[in-house]
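First chain A sits with chain B, and in the next complex the same chain sits with chain C.
What follows is the complex of A and B.
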């Protein structure tokens, strides 16, 4: 390139091109967003009087964290915690086992269209229904107790693991799998050798994450009668035993932190 | 041994990658396939073992028409065609030994391969091949711990353990330095001679190709425009294949024989 050519660029301005090129579209989108947010805040009704009265009750509750009572309801608390842990672990194992074939079916790069659509539909249904709603339905079918909670958590695990694992499989390096396919392997062997090594670390990480979120969810499910420590927590609240409730919440926090730590160890180990 | 008749591939986008290629390769013959990027070299060898489905025409391996095979018969046929890839295409999280043994997947059942219980004669052969390519001490290393040249050697062992009659080699040296490139090309051609294998080697580096093969085929826009011995690759022929450029360095390269000082062609190649 000669000097004469480059000279023409002296003083030429440059700015990063905007994400939305059309200025009318860009500015109208910005204005609509701002108007929407302002309108949303304006229509929110807040009863400040009620909030002020509630402050005292809230303060009581928070203060009770300073004197958690682990002892009075020790039997109920420990039974609830163990039930929650069992529920969470069983639901994770069963949920992950079911979601692996569904994830394989829901990965566009290795699946056939009809199977893909069916698997994506199962995942969508599982994700659309909140745990509490499923739990209410399961309690209606199976009655009160941890069975309803276990089925609820397994069901929602399928949506979570299925979706994220399918996306991981779709991101896999295709050539590695092609190399396996070119040796004359069957479809199952191609999955086992070509894809599984690629998605396994992610699957383990997701399963560990799901174990601790299943445990957290299990404490909510008790509120609708689906077993676990949530039932104990609910009873404590309705008896105004805030110190017992505080004890339960503290135990949940500690266990979640421990699970989180365990999962980070395991994820580092499988890299 | 391999005969392509009116072999055609049209991609879904409408691009004609191969326009009626006719080609015959006899048993034990090693052929270099050259041509500019996008000429259809990769597509051609991927259509032979149907990693990419050809649109029309036929590919006959020992008079079996590969394009008409059912999926199980195709898996059997693929066992006789070893493939070597540009980016090695090793499964990175598997060990060297698992990668080599994956070449036997077409011969062993799913559960044996799942539990990595390969027949002892396969394991013996895997160790023999690793020794032949100089990596027997690396058997339990993970593939992603190896250097580029070592990975390609594992790739070669994986192709050879299939007990193939034909090697499909896709840019084996494109990711390697000049010296390793020569060693890998030498290894591939030596092994072909030892075992009487035919091979199609896609290669960018014309000078390197001329050093190691007796027959060169050139593709341009999906058509064969040259088929002859390396000596016939005159500047006029190369201009016809790649376009106008000074080809003297590339041609002189070959006269330098095995001296390892050959980067002169790089600038031309990367044009």
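What follows is the complex of A and C.
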């Protein structure tokens, strides 16, 4: 039976069911999005002349990935990379150490309401503020250098680990904690022996994930003066030394992949 | 778990036996040593004179920044609109590129596991590893400052994220539906549209809203390197030390982030 025959047979043709079932909703969404895209493009000022002139430089940059220059600025690059790694590692350790009590406070099942609200607020503030904005403020307060970056990364780690760990603690099994409690243990012992074994694998996994995302973030903090390889990268771009910039970008990519691989190994090992 | 017998012949419960305890201590020792080394490096590069002064400076900045200069808000509407456009159009552009890359990278839909899949994976990894601010820096150097550079930076950074989550979803689809479609004699394209796409559509919609939310956050700072949006005003206000304007901009950014998080949570709730 051909398509036309089927259509005749049933009286109407089969159609793929739409993703949004309500037709009014569907069409108004489509119209709104089209209007929005047109409005967005209409108000966007693009200097096509300048963009066209830049294409040659863009081609140069892409070509420079074929011959990255690791040598000329070797000391700057290696110092920057080490500083980024050091910042990421130290910030992960301190951030995780601070976020554990905050996560305990932000878990509704073991915390009191006032403490719960305070901890949730700390987490919300830390999550809402972009790292770069925090870094700008920290540089203004603590001066240029890796300390500002370290504080920034620790601060944003608190929001991330605190939120996810608190959710994990809220999901954990109450029975084990009650069993420990019934032996006459203190509150601290109940947390240590009742809850900690339940959330430990998740905590290790999250910390490893955070280590690698802290490294990724630490590479931009240098742009605002908060230490790390970003400063070297910024200098390379502003001098149009694209081959050095390409080398730095390649190193970052390789390190991120290595860290990601390492963290996936450790996560597979603990879980 | 281990039981130890003390001098009086009583049994004492211990959490770990001697071997596990020693291993535990060794790990802590190595960890502490690494952390102390990191701290030493940071401390060496820090000018502690400034740090001891930090409390005074912080309160000084705080008193200058309060109250925010509310009248400045009229100059922020256009940059805010630009910021939202950068995030939204950037996400759209990223999706257009990420969907084919996702299909090329998934083990069950890639045309060639040996050649095409590794290339798609390399694109995903390099796009994900580099922060959007660095992409913006690069594009500003190439295309000149402006919204367009920011939009492209957001798009490039998002491609890897979207394609990664998409190809993981494609690899987890239900084979039987695909087989049912191909049993009707459908072409490869038709299998993709009727067999695979409906299965990954909820994931795709969810991840695009999720990425849009992240992109709103990231596009607020792109202006710092000249790539348009509200960050440009932030940079200008910081350079002129106009702290009341800075505090207002940060408030506006916080507000935008909260709204976008709310929208994204609502939309994801509606989809799932």
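The rule we apply is simple: the second predicted complex is superposed on the first by the 215 of 271 C-alpha atoms of A that agree within 3 Å, B and C clash if a C-alpha of one lies under 4 Å from a C-alpha of the other, contacts with A are read in each partner's own complex, and residues count from 1 in each chain.
Definition applied: contacts are C-beta pairs under 8 Å (C-beta built on N, C-alpha and C of every residue); 3 or more make two chains touch, one makes a residue touch a chain.
All of these numbers come straight from a predicted model, not from anything done at the bench.
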Which of chain B and chain C A:240 touches, first, second, both or neither: second
Dominant toucher of chain A (residue count), chain B or chain C: C
First (chain B), second (chain C), both or neither touched by A:21: neither
Partner chain in contact with A:194 - chain B first, chain C second, else both or neither: first
Partner chain in contact with A:132 - chain B first, chain C second, else both or neither: second
Which superposed partner A:13 touches (first chain B, second chain C, both, neither): neither
Contacts of A:182 with chain B and chain C, given as first, second, both or neither: first
Contact footprint of chain B on chain A as seen in their complex: 173, 175-176, 178-186, 188-189, 192-194, 197-198, 200-201
Touch list for chain A against partner chain C, complex: 16, 19, 36-37, 40-41, 43-47, 50-51, 53-55, 57-58, 61, 82-83, 86-87, 89-90, 93, 128-130, 132-133, 136-137, 140-147, 150, 216-217, 219-220, 223-224, 227, 230, 233-234, 237-238, 240, 245, 249, 252-253, 256-257
Touching residues (chain side chain C, partner chain A) in the complex: 31, 34-35, 37-39, 41-43, 45-47, 50-51, 54, 57-58, 61, 81-82, 85, 88-89, 92, 125-126, 128-131, 133-134, 137-138, 141-144, 146-148, 151, 193-194, 201, 205, 217-218, 220-221, 224-225, 234, 238, 250, 253-254, 257-258, 261
Residues of chain B defined as touching chain A within the complex: 49, 51, 75-79, 81-83, 85, 87, 89-94, 98, 102-107, 110, 113-114, 155, 158, 162, 168
